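So the structure is just underneath, and the comments pick up after that.
We call the chains A, B and C, going by the order they appear; numbering starts again at 1 in every chain.
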Amino acid sequence: MSIQYKTINELSQMLKSRDISNKELIQETFNLIDANLHLNAFITLNKDASLLKAEELDKNLSLQPLSGIPIAQKDLFCTKDLRTTCGSNMLSNFIPPYSATVIENLENAGCVSVGKTNMDEFAMGSSNETSFYGNVQNPWGDKLVPGGSSGGSAAAVAAGIVPAASGTDTGGSIRQPASLCGISGLKPTYGRISRWGMIAFASSLDQAGPMARTAEDCALLLNQMCSHDLKDTTSLDETIPDFTENLDKPIKGLKIGLVKEFDLSQLDKEVVKVFEESKKQYETLGAEFIEISLPNISLSVPTYYVVAPAECSSNLSRFDGVKFGKRCDDPKDLEELYIKTRSEGFGDEVKRRILIGSYVLSAGFYDAYYKKAQQVRRLIKNDFDDAFKKVDVIMSPTTRGAAFEEGSKGDDPIQMYLEDLFTIPANLAGLPALSIPNGMVDGKPIGLQLIGNFLEENKLLRAAHNFQLSTDWHKKTPKGDIQS
Amino acid sequence: MSWETVIGLEIHVQLSTDSKLFSGGSTSFGAEPNTHVDLIDLGLPGVLPVANRGAFYKAIRFGLATNAEINLTSTFDRKNYFYPDLPKGYQITQMALPVIGKGSIKIEVDGEEKVINITRAHLEEDAGKSIHDLFEGETGVDLNRAGTPLLEIVSEPEISNAKEAVAYFKAIRQIVTFLDICDGNMAQGSMRCDVNVSLKKTGDDKLGTRAEIKNINSFKFIEKAINYEIGRQARILESGESVVQETRLYDSVKNETRSMRSKEEANDYRYFPCPDLLPVVISDDELNEIKNNLPELPNEKEKRYIEESNLDISEAKIIASSKTMANMFEEACAKTDDSKLIANWLVGDISALLNKDNIDLEESKLTSNNFAVLIERISDKTISGKIAKSVLEEIWESGGSVDEIIESKGLVQIQDESLIEEIALKIINGNPSQVEAYKDGKDKLFGFFVGQVMKETQGKANPQSVNEILKKLLS
Amino acid sequence: MDKKTVSTIAYLSRLSLDEENGEKITKDLENIIKFVNQLEDANTQNIEPLASPLEKTAKTREDKVTAQNRKDIFLERSPKSNDDYFLVPRVVE
């Protein structure tokens, strides 16, 4: 029985009814991985440990909620004694002595971590082209990028290899690849999921989240990923609800905000058409649309490209060739050890961002750039606070278009930065946001973004699940529609 | 031309918490290299700091004791630079909003009191240690110390000479040891300081260019480094040149400071708020709790010793000025209700021994328990004062227990008056001519008889009894 | 953003840029800085900077030792060490 493209719920049912054993499921997952090596979705596989865990699960019946479910982990999460590269040459030999909290949470819930997925180096990129381990191919077409930075995770789910993957989202790194690969992905409220063990890119923006075929599966995963972690003092001690509760409940009367300042006329007509159709779908479901204004939203991308590089320039200073990771060959003195190690260990995009970060924090520029960006960040957050007085969720396209070809963004980094135009604001404000497939453009999937108010993942997931109950976009695969 | 010296001190005080500022790593001194290193101290990818509330409590004690502003909300920033013993490539410190604001402390130099204002005191993490001279061509890095909480106390540039600087440092050391927030151990580096020195024309308002001498860890070197630096800068200014603002290192072997310009090259620490740490807030209840449990400070002790223990001002001052001596005094008082006797010993014999050896009480072999027992044995007349002195000297030299020394050397005082009388009679009978002379009015001879009795008893006779008995027998 | 500025921040970041690379990156940085200069347009008078989306206060921990000795694993997995220390080329002070 094929397991490809199955959802978490479907696989759990198969395991429970003994249609398949845990070991068969994991073995079959590795067969799918082997059959899809051309995607380059994984950097490191965890085959032996996975099969061992599956055998254990076969021996001892487990009642864990995600028992036996294969999951692909973004290679940004530290996994104890399993290589963790963060997509970088710098960590090509790094074996963490501990695991991230979210990894522990998922594994304690019964998940089997089958491997570590490819990603943009240190999560800096929107196409997976900055990975030291090579591009990831989008399952929807040759030479198409999967988006980034969680490109390997998105591709693995889109190709039906695994029903679930972990991702991280600093400026859209879950939602943008979810959109480009035709899957569902959620960036929770900042602080919902512990950052302990997540290799930091920009600490005040980074947030882990689930990537799966459906919003319902995202809810199942989120239930296990969240925890109040004393090791991360920015992890929230709010009650963690059951995110799967009331997903089916109709959304009649849901107030959906449309952002006046998002100028959709600049987008491809097909993209706009898809968006308009989704609006109609939501109207059919009983939602009402309200235009809202986020006056400072146009400054999101420039704000992000000050805040994120500043934090990253400092976060990445620990990669110096002294305590872990790579060291250059035969440094003649300490300066050379630092400079050569870092120059060889980091790729160009990472270097660019470190340099911008050092620049905006340096004496004489701090106020003009870093402080200014933090002030604008507050303005943007205030805009959202006002908006959420009027609406339940805010809707927009996730991306400006569908998956693009490798190398097509040319040499200009700003063109790539603008990829995250719609996704960045939620990170700046710390708000939950998700992307679900809502149409096809030129035979390629594209996503719809919903942004929710602080801690209101439930509303987002319900709105998304209702959409998926009444549409089939999430059932499309590169090999045709899934028949239910 | 005459020059005025302007000095400011940045004192780094290692707080005596059990665990580090941001991790559960131990802060204890002297462990095997790299054994007290937590995942967080190593700065591994993905780790996050969690602030130690105990460090805040200790910092606040200092603030209260120096009448400083206490910032109940304080924040952390990152100071970015590369060095092998700085594992994350940045130090977490409090730049924008330190836990302790403006305060002040009194110092005394040559009998003159002066108030030195304190600009701020902030929490930050210590770096590890780089060992440069142990391995051929390589530096070893030990991260045991990395992350140990430091309170950096920054003075206003109000110190006018090396003596004042030393007095200020000593005053800070006294306060932090009394507050029990630092062990004050200079040799182990529990207190280090950076000294900013500049010269300006006498009477000028404008400060001159300063040089910062880094990382000095003894009173003597503070004084020497400052005096060297004053001379160096004066020579530069006299010759019409200008002082370069830079970091300098004091070389105690050559007794000179030298430029560390290479290290300073293009230094820009790029401070910014640490995104991993939200503001730490201490509640009013916590503050009150700290206030109510603030350890007694030297001036309070002094007052209490005068009022409750009937000490002279000068005695009280000496005893209260050292935490160890004050502890010794209080422990002895708890055992023996004779504060005058106790004070006499501390201010007299013990202070003399300290002066002779030029050491601090905590460096001596005498423990407070030993001292309390010694006093008890004098008070219960087991030994005489004279014997006590020899016991003290023995302990001073080689340590040991008071009772064991008394026992093993048979120093127990003879209390049996009939025995003393027997010996006294023997002396009187054996010296008829002296008896006659004494009775003729040569009073001074009384001392001769006392001496003879003491000699006969090897000093163990209770002197008071000897006096009384001799007086009776000779009358 | 001239070459000198770039070389200063490159040194602060302990990165070296080769000739070809250096020019491209300098140009990129210039463009990025131009791009973020849009921020000047925002009126941020009296606006408190926002450092974290969580406007909350920190949770802290009690002063307790919880760490275990992991010296061996740390040193073993480091680029260069001996039995006791991480090693780097000799630093001259």
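Simple rule for what comes next: a residue touches a chain if its C-beta (ideal position, glycine included) is under 8 Å from a C-beta of that chain, and two chains touch if they have at least 3 such contacts.
Since we're looking at a predicted model, the values are computed, not measured.
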Pair of chains ranked first by number of touching C-beta pairs:
A-C
Could you say which chain's mean Cα position falls nearest to the mean Cα position of the entire protein shown?
C
Just how far, in Å, is the C-alpha centre of chain C from the one of chain A?
23
Whole-Å distance, C-alpha centre of chain B to that of chain C, is 39
Taking each chain's centre as the mean position of its Cα atoms, how many Å separate chain A from chain B?
56
At least two other chains touched by the same residue of chain B: list those residues.
39, 42, 50-51, 80, 82, 84, 139, 141, 268, 270, 275, 277-278
Among all residues of chain C, those touching at least two other chains are 8, 12, 14, 49, 51-52, 54, 58-61, 70, 74, 86, 88-91
Considering chain A alone, which of its residues make contact with at least two other chains?
94, 97, 204, 230, 233-234, 313, 320, 322-324, 334, 338, 358, 362
Could you list, by residue number, the parts of chain A that touch chain C in their complex?
94-95, 97, 190-191, 204, 230, 233-234, 236-237, 296, 298-299, 301-303, 305-306, 313, 320-327, 331-340, 342-343, 346, 348, 351-352, 354-356, 358-360, 362, 368-369, 371-379, 381, 411-414, 417, 428-431
Touching chain A in the complex: which residues of chain B?
39, 42-51, 78, 80, 82, 84, 87-90, 139, 141, 268, 270-272, 275-278
Residue positions on chain B within touch of chain C in the complex are 17-19, 23-26, 32-39, 41-42, 50-56, 73, 80, 82, 84, 130-132, 134-135, 137-143, 249, 260, 266, 268, 270, 273, 275, 277-281
Sort out for me which residues of chain C touch chain A in the complex.
1, 5-6, 8-10, 12-17, 21, 24-25, 28-29, 31-33, 35-42, 44, 47-54, 58-61, 70, 73-74, 77-80, 86, 88-91
Quick check on the complex: what are the chain A residues that touch chain B?
77-78, 84, 86, 91, 94, 96-98, 100, 195-200, 202-204, 230-234, 310-311, 313-314, 316-320, 322-324, 334, 338, 358, 361-363, 366, 370
